[in-house]
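The structure is given below, and queries will be raised subsequently.
Chain nomenclature is as follows: A, B, C and D, assigned in order of appearance, with residue numbering initiated at 1 for each chain independently.
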């Protein structure tokens, strides 16, 4: 009973979050967890918070070990999943939480990532408004899904309703994100040290070089934009998880504040996991910690002529592992919300 | 030996920071510290970090108690200093760290603050590029100075060189700030509680309603703008102090990246307390903690057509108390850097 | 289908956590949420993280509003629940998360709390080793339960196996706790402000005056101690949730390290929510964030002659709301683990 | 004018803090800064908060580069300074901030560190009460000083007055410390990552294995203890700097609370940098951030029979670099407080 699951990269933060969510999922059962340098260890020694999975041990990340499961989640460093995925059965549902299968344009891939381009899989953000409907319809029953970049999907969810509804201009978008360091994974680099992050706000990838930029623009084109442009700046702040995206756009000429709000209301009125807050309310990342929820606040700044969208997500849940499972639910024909909570852990 | 000093509002965060800096200043000597509800207590019981001032006790905040000093610093809630200041001798140097004397326009005052407008004093941001020179020249030898709003001066310092140098457009400016909660003072309100701030990024005053907006635009007009517009969003993040402002502007037509950098270099080449970092370097708030320094990083995002300016300050030092003392130094005829450190306390 | 539930004090942190857990509980259904000053508001405006409960509004905390439910959880300030509880039907299961019904001794109550003593209800820490068994047996089928103090239950769980097993001495116990500020609730006091807590470690209630001390000693007497003594010091640190208790005790004469470990193993071998880590492993509070789990690490310091027990809990879950629901499960005849997760939200 | 200084290990946290303090010292002038992997870089690119030292570049850490200065501060990993120091002139004042020259006992060295034992230099904690006086007298005019371990000196300062005054027992001491991660330096290890530290309290070196234990006991023997024993547990908490030590000891038989307080008052009555707070007051680490101050709070818990001492220091200042400079001041014949601040940077 239930679908058998393997998680590759189970020793990392995204892998750990996948396992936390799968452990609470009634229809998914983890059989195999794989890792690289931690192979051979008990899972619980590497992920001591996953008490209910104390029976699992890590094995090597190989196609053999991943074979024979109904679902395989890949939570590997960028560049590692392309080749591995090619060796998995076409019948297996594979959800890649890395970047390897997100970008359609070979030029964008070359410019922002480099190395071999493995092509794009269906993008795992079900609520994304796209021309003719929502991304959801594209996900049902496929066997290959690219879970989104956490920053990219947050900004896309924030902006797409305005693009789709023609109430904002597609040029001159600006996104500034307060992000927790868990998005960087367990990478042992100086900027990721606690002493560097505590008590400080640290920008990185400033000036148009962040790898999530082409992914954002791709989503906006799906929503109807032609040649969108965005200034994108992430700022690491001292919270382990969370993304608070402050995204602004020029209001389209002749559009009223009511028109603007209506566009976002239309987009997300019936979405359990993407919710527009009432006028005057804005989200905090604590509200969505641990939840598969994206909360959105909206204001129109008449004096500045800009629409301000504030979006909050947990980068490891709605930004990564939750999006992966929500998309897997769709692909498996399960109710989309199965096993996912919309409630945050606050304070 | 030295100028005698009184600090009104010595029990608050801004007052405490003034005292920390004055205690290290060779030419200023604190004689009187005043407070409201804490009056009668030993200063050190209210500000236990100020060990060198254990001889001082708090007295009531009255014109009588503030009289007879060479310098009076006011660190009072907005609305409290206007009337009090009017009772102080014209010969006394008065530096107001509150908002009461920052805004020239009565309309702006009415729209963003309300209540009686006490008019504007000389604005205490010496390095600000203004038409015909720098704000510094206006400060020398005056007896009334308005110390800046922390967010406002940070954004103004970030943008004014581009306005002054005609390399950015004055419309459609966007500023998003990661700020520590100490800017809100000791106000006992729910959003200021530790449990609300820890582990979260919390926006406030979204959509063009923050009181520092008219102050920013005023500074930009001094720098040469005509009808500037700015979208301004502060986000509280879990660090006690610090402002990391990510400010973007459309590059002016036909301007090169070198032109852009040259404008900021020109503005701050010889400034000890406002420093432009080399290309590819961006500041962190930890770098300026406790220092009277504003560090600025600059990038031109060609694809987005925007100039990105990142500015880091300690909101209580360069944003408030340090600016007050730097300005007081000028007004008293002392070397401008006296008693102020440009080195941060990091990590 | 399911038991109907009311939560009194639903606007606070403990109340919010009860609701988060109840929302995920298959057999409990919230019908009524009450508050004091927030009465009349939508729950979701006060607890914006509880998205699945958007249909609830807060009503006044009165016996009338609480009547007619199968279960009533009280999450009220100390002193408020005694009188209210007396007005609830004897058939209703009432779980008090406040202190009013925890202390058996009238003298202890008078010395540490004062005011009217309402007597003690059954103490809601199922795993606690007590003479003749475990606290669990006392909880089944009662209608009145006192959920524990978060610090008190953590220290009791850490020490009781050693007392029960006669491997530590009952005098001269020492407990030092790193605690998050959410334990203090939404109380608007200066020490609870973010600026006071961020970047600092702040002790409070030092020197034997903390109210959880008699509660700890009471538990240790239940476990077999006669006249135990403990030095207890909590230190607030900058994390919203969590308790990391470092508890030490003199090893009993002639007891080996293996004897010591065996005592804790015996106590918790089959407990899902209180787990002893292997030798050389020690817990972190992040491992239990959001979980109903108490993780315990154990070492014997031969040179110092002391047993060192490190216990980690989430103060709002295993320390309060989770313990309340676990106990309610027992009292309602449900499987004890129903609706409660042992997995933490990390990182 | 002034003494010429070299700092070895200038790219690390301790080295950076030495430089921050030296930059504010009127009689010390940095000439040379050395590093290992960062050699060749501008200091300011590695330590971007040290704006006033923008003229310095890092050179290799060699005896040649360190030769010819009046004072050499060594801030190197343990094991690296022994050999290097042997090559420096006997006339040079050498202050070692590492562990290599702290421990007198070869057995202790072998048990807790291992490798070659270079013997002990004079221990750089001037205020430490020792038999016959204070450690200060031993420091004047020596040419070799071992700056203390941050945890060790904090606990020693907390306890030595009680030992020296015979008001506490020397056996069964217990110390639990909340510490910031900067004490671990820039070491790229998983437990030092921000995502591991944020939102969590993490114990380490539990059970009598921490290297600072023999250093503490050595200090207590200097203060008069014969065979002291201590249980010592550090807990990493999410603040970049700071140590909050909660240290308890059994009160000596027949000693009154007044006797206890008198012992600490006697020890530190005239010390600028080690201050006993009034009864009922306890320090926070924020009060000493950036300061060379150790604040001590004291309580007698009659019911538990223990004296509770709370000591707060900045691990990088009073715990390391400040202690080094304070000791150097003594050795150089300068006023002991020269260039050091007793005021913290709070909030």
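Everything that follows uses one rule, which is that contacts are C-beta pairs under 8 Å (C-beta built on N, C-alpha and C of every residue); 3 or more make two chains touch, one makes a residue touch a chain.
Keep in mind it's a predicted model, so treat the numbers as computed, not measured.
Novice: More than half overlap in residue numbers between the two sides of the chain B-chain C interface, or less? Answer same or different.
Specialist: Comparing the two copies, chain B and chain C contact each other through largely the same residue numbers, since over half are shared.
Novice: Please flag the chain sitting at the greatest distance from chain C, going by CA centroids.
Specialist: Farthest from chain C by mean C-alpha position: B.
Novice: State, to the nearest whole Å, the distance from the C-alpha centre of chain A to the C-alpha centre of chain C.
Specialist: 35
Novice: Averaging over Cα atoms per chain, report the distance between chain A and chain D in Å.
Specialist: 45
Novice: Which chain C residues sit where two or more other chains touch them?
Specialist: If we look for residues of chain C contacting two or more partner chains, we find 13, 182, 195-196, 198-199, 238-241, 283-284, 286-287, 289, 346-347.
Novice: So in the complex, which bits of chain C are touching chain D?
Specialist: For this pair, the touching residues of chain C are 171-174, 176, 178, 195-196, 198-204, 206-208, 213, 229-233, 235, 237-242, 244, 246, 248, 250, 282-287, 289, 297, 299-306, 308, 310, 312, 346-347.
Novice: Write out the stretch or stretches of chain C touching chain B in their complex.
Specialist: 13, 180-182, 184, 186, 188-190, 192-199, 238-240
Novice: State the interface residues of chain C toward chain A in the complex, per the touch definition above.
Specialist: Within the complex, chain C contacts chain A at residues 13, 16, 20, 23-24, 45, 47-53, 182, 198-199, 240-241, 272, 275, 277, 281, 283-284, 286-291, 293, 295, 341-347.
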